[in-house]
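See the structures that follow.
Both complexes below contain subunit A, partnered by subunit B and then by subunit C.
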Partner chain A sequence: MTIDTPRVVEAGLRAFACAYERYVEEPFRLGQLVAVREGPWTVIGAVADTASGPDDPSRPLQATGGEMSAAEVLADNPHIRPLLRTRLTVVSCGYIEGEVARALLPPTPPPLLARVEAASEPETVRITGDGAFLALLVGAPQCDDAVLAATIRSAAAAHGAGAREFTVVAGKELARLLKADSARLASIIRGVAG
Partner chain B sequence: MIMPGTDGDIGVVVGGSLTKGLEVRLDAAKAAGLGQYVMAPLGDGFDLLGMVTDVMLKSAEGSATAWPPPSGEDRHIALLREVLLDTGVYTAIDVQPYLEVGEAGESSRARRIPRHFARVARADQDALTRAFDVGDDRPAVTLGSPLGMDDVMVHVDLEKLFERSAGIFGKSGTGKTVYAVQFLSGLIKQSSMAPTKQQRTVALIFDMHDDYGDYLKFEGGQRRSLKLLHGSDVALMGVEDRPGLDRRLVVGTKDIEPDDLRVLQSTAEFTQSAIEACDVLFDKLGHGWFDAVLAEVPPAALARASETEEGDAGWGPVLKSLDIAQPTWTHLRRKLRALKSRDFVQSGDSQFRGAIDWIVQSLQGGQSVVIQFGKHGNNLTSYMLVANMLSRRIWDAYQRAMEQARGDAAKEPNRLVIVIEEAHKFVDKSMAGQTIFGEIARELRKYNVTLLIIDQRPSQIDPEVLSQIGTKFCLQLDSEADVEALVGGIQGRSGLRQVIASLESKQQALVFGHALPMPVMVRPPEFTRDFAPGGSLRQRLDPGANGAASAAMKPLYG
Partner chain C sequence: MTLRIEQLTGKLPDLISRYAAGLGAMDAGLQAAGEALNDWAGDPALGNQRVEDAMQHVPRPYALATDEACQCVFTAPPFTPLTVVSADGSSIEPDRFAPVQCYVINIGRVALPYRMSCNALLDSHAELGPEHEPPGDDDDRGGDTLGRGWGVNLLRDIAELEAGGHLARERLADGNVVLMLDGTLLPWDLDSRQVDESVRKAVLARTRDILDLLSLSGDGLSVCAYVSGSRASDVVTSLRALSPAKGIAWPASDGQLFAGLLGDGQRSALFRAGSQRAGRVETLNELAAHEVWFFYLRAGGDIARVEVPGWASSAARIGRLHATLIDQCARCNGYPRALQEAHEQAVISGADRQQFSRLLEAEAARQGLYGAANGKQESKRRRAV
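== the complex of A and B ==
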């Protein structure tokens, strides 16, 4: 369990990077909201990118294994997995301080090496309810249309029966934010509905 | 004052000006229609009251409408349409500011506008009561409910309404007569409550199609009209001899003067030269001129004066001496014969003078008088002849009475409203200066006589006369010229044009002008079988105060 929990490895106000201790096949998904609960506030962010590869870029992974599947290769070569890493790029979209949830940048970055966990449904609903969190994502260079669509879809799942209503609220917020770019709005909405 | 977030809230002010109107962006899922009243806070205990004069679809940015969502019901398309509504695209309304109303009921013409983002709400009964308050003790009649506000009633002060002339305009079949009957019924009812006859406002109604007497033709059936609704407060006079009339009107040929015929030029009945010939003959022959023209030989005095050397004493030399051309003479005789063929026109003297006295006594005694035309109602010439003859003489009688009163209000005659239909024929652009109706309209209430004109072609009415019409009731009109004639020169006229253009063919009217603090688009009261005219505002609000009549008024006043 502990080795499959990523930790913050690079921290900024707008985005932070986190990494698993080794390569994992099923990391947090694109657009999933994650929470860093260590520190004076809980920083909430959306997964904007995921990358896996060698921990040391100067030692590239050799494509070996013949007819074996990836799982069989890793099982057959247990020394490889510790040399690999899965890294995530997370864009901040709010923070929770006590009872107050704010769709704003956190006052300070999340602590390095703090554990990064999936945001709970209540946390997700509090941060995303009015759609304001999208302003931080739309402004982030890491967030393209696919990230935004995936984030809205992911957050909608946390709203349960109110998922449809939340989707419309988020869509309207996007429409306001992207006022001059209807093509982009249409692209994101297609991703949300898809 | 407006409380944000209340049910009546519909949007926010986003722009505009006092003269051109405010732009209000509607909140999601809110709607407002043309003619509805809205209000917005001015910030010092006053609210601005205005009327919706346009409804617009707008886009926040051009791209939403340049690249609209594709058609279809796919999930993403439906979602895209939904998210764009009230964000990328939205609904806005134009609001023409009219009044500033204070919490204590004071109101004045709008001279300020709310600030940006002021909340705008649908006006409620309280705001409209403050705006249209006529005072509990003043006679008033119901105009109807402002559109989209069925629970609200607007009233107009009767005295103010007929302080100046008024007009009901609308194309054929829009309910002008029904509206007029309702008003006149209110007028007669209110007048009957006046403590003295002198304080009564009465009507002299030239009833072209016999709608204002016993029954009014209404949607294939009929409704009780003024005589049956008001009994002894209404007197019936007719040009036909039929039972039920209080008096028959007969016109003697000796009663007809050239000025009585002048108005018939507008129907092409008489040419200008024929009327000039009438003037000459009247000058020579006095009241016998009409019969003389129809005689085979000229009167002896005229014949002698123009007898030729050859001894010809016929009309030829007379006409020559009077400088009347033969075609004019032929035309004049033909038209006078046609007039005389009417059964209410008789040779020589009649009881016409007596009829005038009877009408004036009835009016000044507090009775309204309805002049019915029976089969002659379809003949505009008959209608105009009688209306013009009577109105000229009654106007003279009122002028004399006012001059004799010499400013002593107690001796002045009571107020009279003359009701004419097809008014544009009486006061068209060429005739307004020559008929009594143009003069009455121009003199305002100087002689306590005003007009209620009912017409379908206001653009044909002389603009000078139309400008003197204080309060205008506008039902549906098709012609742009007619609409323009009514709203020309009024603040916010472009908005009012839109409102008039949107009127339905029945049961909708825009009322504006002197008697009202601001225009109001109303649905007139239902003209039910048990229609009964209203009392004062207090009586209307207190069903117990007016006995049985109040019970009958309930459907009308809610």
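== the complex of A and C ==
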């Protein structure tokens, strides 16, 4: 089985959609930071949503298979997987141009059909280190509390030994951004701690 | 609503009851056909000789018996791991109202591996034609520059055969392959006088070449063309020639005959297609090495005609094909899954056709070409009262 890489299928400054060529059981995870390295700069974003289903809405997926597991049904019906798609919604949270990382909207959207790959640990550390990237996420309608918490947890893992220090920085930034919404702040912090 | 349904509903019951009465009158024909089938099986050489004699006088397609006893029915052997390959096509015909005459052929291909580790493939490929100067002015060869005689259906048929054939050969590297095509094995319009002679000759050569290539692909390849709900009557025509019964209503098609003989999943014996129709596709010398053999298959309520090249009629190849067809039909409500998915890949929707038409008009206008004004076409676009 080939390993699929999603590609940008709808591009905007604040968010973009990407899709795998077929259904994949383990796409990029909620909150994972991804990078689009094609174009004049590398656009970094956080996975805010994932959905899988038929590529053609006029051909709904039939729930067949009897006692078989999902993997067995897919193996027994090889036409199904290519007719399905897994799509991700990614919210931009910065871009890297040469040696400079900015927690700002990229000047232009990522190119359509560009490959979307996992952000490397150094890229993640550079974009998220001061917590400023959270401003774009907090303001994005696609990012609810769960997305924000998952993103902070995911980014913290990339900081390795500095994970705790990063989490504190992110918490302070969140407190500043959400000083008028303590309920939301508490919800996100619970998500990070959980 | 412009169709006044109420004007039809009262007449439907009478029409249907007349049809049902006709089916009832066919009982004697079915019995005579069954008796003739048994007699034929008793002495197939003599039966074939009598069919060959009849063929000389009546230019219709006949069936000839093979080594399989023609009254026998067969159940499918167990299904074994393999890849099912299929190709199907769809086309946009030249539009006489368009500023430039052209056509589109879209070919869908699928390769579905069962109990194998290789990848499935579902894709499509579109071709715009004509690629070169179209056939000359309207003359006795059947072609003209307005799109008539270009043989788009024929070009689509050969494109399907070639796409499926080449994909099947690729997949043989992974193991056994069953290649399924929709419709008849040999392109039907190869003998059509409506198609320009140069097109027919070129397609005939391409048909021969791809079938030659497939015939050299080894025993791991089974090949068939699948006709769902076939109305062919080759076997019935032969039985009428063999039977002494006269003045009875014979089954109108082989499907009606085998509907009473085949259980679900069973196939009939193999027959050879025979004909003395001069100039028709089945008698073209160039395809003599690819004689069509066929059997009938019951898949649920459907009696399908399954055509195979004579060179692919060994017991192992037919057994693999039979088992695969039953498995495929079970996966897709009585029709082979691979054919269904190839069709889905090939189909050109109404929206696609409109989009292509607009694209053609825009590009033609950019180059200063416009379609001739046509009142009927314009009035259909603007349906205001």
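Following the convention adopted for this analysis, the second predicted complex is superposed on the first by the 191 of 194 C-alpha atoms of A that agree within 3 Å, B and C clash if a C-alpha of one lies under 4 Å from a C-alpha of the other, contacts with A are read in each partner's own complex, and residues count from 1 in each chain.
As a convention for this text, a residue touches a chain if its C-beta (ideal position, glycine included) is under 8 Å from a C-beta of that chain, and two chains touch if they have at least 3 such contacts.
Here the structure is a predicted model, which is why all the values come from computation and not from measurement.
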First, second, both or neither for A:P141, with subunit B first and subunit C second: neither
Touched partner set for A:R190, first subunit B, second subunit C, both or neither: first
Partner chain(s) touched by A:G171 [first = subunit B, second = subunit C, both, neither]: first
Residues of subunit A touched, compared between subunit B and subunit C (which is higher): B
Subunit B versus subunit C as contact partner of A:P78, first or second or both or neither: second
Partner chain(s) touched by A:P57 [first = subunit B, second = subunit C, both, neither]: neither
A:G66 touches, of subunit B and subunit C: first, second, both or neither? neither
Doubly contacted subunit A residues - partners subunit C and subunit B: none
Subunit A partner contacts - residues on subunit B that touch it in the complex: 60-61, 63-64, 66-67, 69, 74-76, 79-80, 82-84, 86-88
Residue ranges of subunit A touching subunit C (in the complex, touch as defined): 1-2, 56, 59, 76-79, 81-83
Subunit A-facing residues of subunit C, complex: 110, 112-114, 117, 119-122, 331, 337-338, 341, 344
Residue numbers on subunit A that touch subunit B, as the complex places them: 167-168, 171-172, 174-176, 179-183, 185-186, 189-190, 192-194
